[in-house]
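In what comes next, chain A is part of two complexes: it sits with chain B in the first one and with chain C in the second one.
Our next item is the complex of A and B:
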């Protein structure tokens, strides 16, 4: 087995909860690898005694799954109604600018992905963003841009 | 062998006394998602390092949310045997001062204190020069039932829950009440579901109780995808055992063999705290085989879903637990006949089940006496948007909505005027500012076109554009449509197209009636509430703000200027 296959195997077999399904197995791989490679879809199909087609049907339904390796960092901005009414759109625009991007997606150098999130769950601190799943609330276009810049300065890389 | 409930109680009290009146001060920091977003974990780390560098001994706990999210990070210090003093909007610098002056020196930092909460049984005088936190506008309206422990106890420590009366309702149920009597108590409470439809809980339970199948399930729905609602996740983060106790009692009353608590993947705080509660309850024999020595055996599992709003719909939720695409099923058969894995199933919202332990402890009548008419008990409201005091309150049903907004939540920020409330999530509605003088009651809100839903209330001020907000709500509904029923899948896309056009000031005279036709088709042709209710945001916006739509279409102007700003929606879709 390749290293990748070993990690998929360990993630799928290592699920602690009693109810193991196609979805739970895919979530376990996503947690381990940050994405679902083709090998994972095949492995889960075998493991669950179903077809690649059926596993792909589940994987493609939930937008939290990625099918290419993760970027170094992920920045999400909440676009739920709570955040919308207090300036989420302006904050998102500022995040895009700070990341040097035009639209949602992965930056071509793979250093960062910028995404809209339907609700980060901290509506009382709207508008909310997250940097590598770490929440920051009451953001402004200025603070949002700073958060992105600080994230991209990490590990000694220049932005 | 598991300890007896009496032994657990004695140990819990011993530990609790050690915390509130032991040798060392107790510091509690609110670290639910709201606290995290305000920097609470950094404050907790700063507190620990300040204690270490100043050589001060104290207990530090990461608790849930007291509801005063606007004041977060919120840190409270309780000296041994004393009262709790709360510091708001704490940062690393303030922590240093609080630790040296208050924790080490015994002198509260009055200038930084938001208020105190008295400790029952303490004979220390009440702090002077610091306000009583119970007199804070956000707390005076409250009657905390499901939230009684939130922000007070460490959610990762089941003993703290037991020390505050936890699992006594389960003990009472298993030693004193038959299944029928338990159900009767819930019926007497008049409890109605808090997940959206406000369906009578006892009636729903009786469907499952009446089904003789040996394997039956109770599902607890914590999908909570409504933007603006965070009370379910917050209960799991603040006091997961309240919910767990409710799930166990529901299992007993309905004769179920297993419970599932269903949470969206990625919300690590709620997931980890809930899983810890299940683990600890098993260790103490409060869950598993022959609970508390009774003949009732029951297991609870925490199940996760991927990102999908429709996964919160009861039949789609069962599909997701089974590992499939979260798409709703045909009904009949109803879940009480054919549910999860084909077995009879009952589904309730987190808040609904979190009320159950107190209902059983204090009696159904006690609960029914709170509230208004057939809307019994309390409402757990999430207050967000441009309000002064954003956060979570638990208030009796039947109070006036305007008091919630202008008193409890302190009115609008920056002296702006209220324009509208968006309630009940994206399938709920908007309510014009002139119409907020109404009772908080399931029927009254519904008649006003603004359902209670899961309790989210978003306040927008005069700078918000109602067309833009409606477009944003429909963009959410379009993105989240699961795609199974084409009237919903295509209807949402079509509605969004029309609203985008109106936002671009290119709307036509036919657009409003076109949207109504689409809405009618969605309602008639969709299997679940997503399509059936998905036109609500538009219809309620037209009801209260029809003229603002006309201004966009006829005068080709957006009065607030919002519609000329850039708009973004997610590029991902459900392929």
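Our next item is the complex of A and C:
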């Protein structure tokens, strides 16, 4: 077994909850790897005695699953109602510019992903953004751009 | 039979049965309720909401496909409210479906050659949809009377077309996500090659990670295409052609006897094949061969005129000239010097005439079919039980408790038989597969016994012994229906399971488990062929299988029984009507003087009393000059695939050879006279399928006089030319009447009784030129299963009332393995396998004019063999099989028996090859999975 296969195996078999389903197994792999490789879909299909196409139907149904390896960093800008009215869009545009991107998604060099989030849950601090799940509140377009630049100076996990 | 209940539609009362859904009751009653996701034969799904109705006293608008019919229910199918609701559902569907075909004001007046200039945008011109005027969505919109004005108010999704796969074109821009295809693949076929992807607005149909169907486990059966209501899934060949005529006939490619609705265009070109949904043998299913392999009838290289050899060259001649030559030359030979080989796709009437011709005109019993390389398949079955045929209907398998499949690649050779097996295995039935090859059914099996090649018969002995050891025999049934099995038990007592396990390389625990699964189930069915069984062991092997059925009492009841898997489409019929060297019509014995006399009286001639030569001996007879003249109908792969040695060279040795064939095949090129042969699509007659069901073929296209003719007419005309009496038959129908007189098991068969089997089922909307939704629902044609006595009633299950004044006879075979005649140069067995899907294997689709598959093959071998050949995991090796080589990466696998190298290829390759083939009748030459002697070498 390759390293990847071992990690998938361990994640699926390591589920502690009493009810193990296709979905829970996919979530376990996603938590472990940050995405679902083809091997994971095949493994879960065998594990749950179903077919790859059925597992794919479940996996592709949920936008929470990724099918390509995660980027080093993830920047999210909150686009909830509170953030929107105090200028989330301007901050988002600034974040995109700082990251050198034109739209939401993964940057081709896989260093960073920029996404909008429906609510980061810190409405009192609006507008809010998060860098690798660390929140920053009351951002401005300028501070948002600085945050992104600072983030990109850091190495990601082991890169 | 469920109780009848009364339900009313729009004030009119109809009878239906409890348990039916309202929509099903409406279809049964001929009342139209529009539907899109429902499809006859599948579970109701309730997704499209098009079949909503209102029920008096009920709340809201339930979907009729999921609403159980109840007694006294009053249903309104088309009230204004219901229609408004349907219209709003439809508006949402066509918001993303190109709908120029619905809005163009010229739709009714546009002719096929009109050029569409400005009425409709390029993307959604009606001619860009392959289902134009065959579309259920369009029919439904018209039924709803929707007023669609602009062709531009829909959103084109710009999804790229999927054209990388063989046979299919998929355009998901036209998909309405009704889910019929996904459900057909899963529920009807048990394959799961496609699934739903994404959700809500992006929801579509596709495969895991968007791979091609070649990689996703597709068997290219076409079931998804057949159920698609719109133009999203279509056959690539003749995709734009609309049918002019549709004729229901029987598939000529295997003995399942699938009823197919074959579509022809104006010029008689066969354009499309849609399996019949109300047919007893295939229940609306077909396979890649039947669905896509019948286009050969259109081939331009077909023979259009008889050919006669003059000065060494085959030259064109008229029918009269050619028949004259045949009649004159045949008159020079008689008795054993003559041999007749018929094609397995000849009809019953043709087989009957052929054997009558050989026996009465040529005084020779040398008659057989070119497919009959395993004549022992049913001989022992008949000897033990009484009849040489499957005991139960094919679809009984779906309800069996346990199915044992022995050395039979069912999913490829008899694909549709695999459908009920897969469906049963996915429900509650236990599936046990005995095969050294990795065939598709091993993927569905609860237990796969993989004996070393040549030890299958010994393994069956072990299985029988284990049944007895575990006390799983049905003593009560045996006492009543069977001669004493004491001799069999005695022979079994001498077997040592440990020893059996050692030789077969199947563990004792697995043998015991297989015996338990088969013996314990309420009803168990046994499906067998003799793939890769040595001819010398064939009879014993069949006896063992029959004994297994007998001792467990799995006979004479529904969902049990034994199914021999014959090879040719109408081999069963050929045997039934005496087209074999030792049997007369109705399995009367050639060697029995009373049997012979009874036939002689009807024929008004004498029949030679010694049984003739079978196929294998006949070919030997050609070689050694014992047989001098032969009449061969249809070429056969068996002449060239080594099963008969070099069969083609043997043909060269004949003094006079007549070949009646569709193409100038290898056999035809060796003939002195070649007669062009009509195909199944141009023939009237009957086939008898492997479940003994006699079904009618109907011609759908005509051939010009002077061109190809059916075997029936050819044989009759040769007999006329030779002045032989007894061939004054005007039609195949009259021939069947004569068969009914000669063969007792066919006594009640006539074309008239066959026509009366099954009536109208779903009523069609005859006002529509092409009623799409109930297209397959006009008439039902159930055929008849022999024995059909003179009362015209068939026998779906044999031996229900016992064994005709006798008892079944358990004959004791020798429980031995094949002698291992070790060949020092080729010490191993190469065991091929072929499956639909192999996970953990990446394949590459090589794009080109025709896309193909490329991937590294694995050669699997046992650790012991790997050690003795010093091969390590992952080493590049080459398997040398004398007739061919296979290179791949070594994989060491303990489940491979010692002495065996195995390699499993992907079924998709076969589909690619079939489509890309230059062969004229490619489907019949799909390579089987033959085990061969081999050696293994390291390379690089």
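What we mean here is this: the second predicted complex is superposed on the first by the 155 of 159 C-alpha atoms of A that agree within 3 Å, B and C clash if a C-alpha of one lies under 4 Å from a C-alpha of the other, contacts with A are read in each partner's own complex, and residues count from 1 in each chain.
Keep in mind that, in the parts below, contacts are C-beta pairs under 8 Å (C-beta built on N, C-alpha and C of every residue); 3 or more make two chains touch, one makes a residue touch a chain.
This structure is a prediction, so every number in the text was calculated from the model and none was measured.
Q: Applying the touch criterion given at the start, work out whether A:51 contacts chain B, chain C, both or neither, answering first, second, both or neither.
A: In the superposition, A:51 touches chain C alone.
Q: Determine, under the contact definition given at the top, whether A:34 touches first (chain B), second (chain C), both, or neither.
A: Neither partner.
Q: Quick one: is A:61 in contact with chain B, with chain C, with both, or with neither? Answer first, second, both or neither.
A: Both chain B and chain C are touched by A:61.
Q: A:90 in the overlay: touching chain B, chain C, both, or neither? Say first, second, both or neither.
A: first
Q: With both complexes overlaid on chain A, does A:69 touch chain B (first), chain C (second), both or neither?
A: A:69 contacts neither chain B nor chain C.
Q: Is A:42 touching anything from chain B or chain C once the two structures are fitted on A? First, second, both or neither.
A: Second partner only, chain C.
Q: Please work out whether A:103 is in contact with chain B alone, chain C alone, both, or neither, and reply first, second, both or neither.
A: first
Q: With both structures superposed, pick whichever of chain B and chain C touches the larger number of chain A residues.
A: Of chain B and chain C, the partner in contact with more residues of chain A is B.
Q: Can you pull the chain A residues that chain B and chain C both touch?
A: 57, 60-62
Q: Which residues, counting only chain B, touch chain A once they are in their complex?
A: Within the complex, chain B contacts chain A at residues 33-34, 36-39, 69-70, 72, 224-230, 233, 260, 265-268, 301-309, 320-326, 382-386, 390-392, 422, 426, 456, 458-460, 464, 469, 472-473, 476, 479-480, 482, 565-575.
Q: Could you please specify the touching residues of chain A with respect to chain C in the complex?
A: On the chain A side, the touching residues are 38-39, 41-42, 45-46, 50-57, 60-62, 67.
Q: Can you name the residues of chain A that touch chain B in the complex?
A: Result: residues 17-19, 21-27, 48, 57-58, 60-65, 78-86, 89-90, 92-93, 103-105, 115-116, 118-126, 128, 133-138 of chain A touch chain B.
Q: Which of the residues in chain C come into contact with chain A in the complex?
A: 186, 192-199, 206-209, 216-217, 837, 839-840
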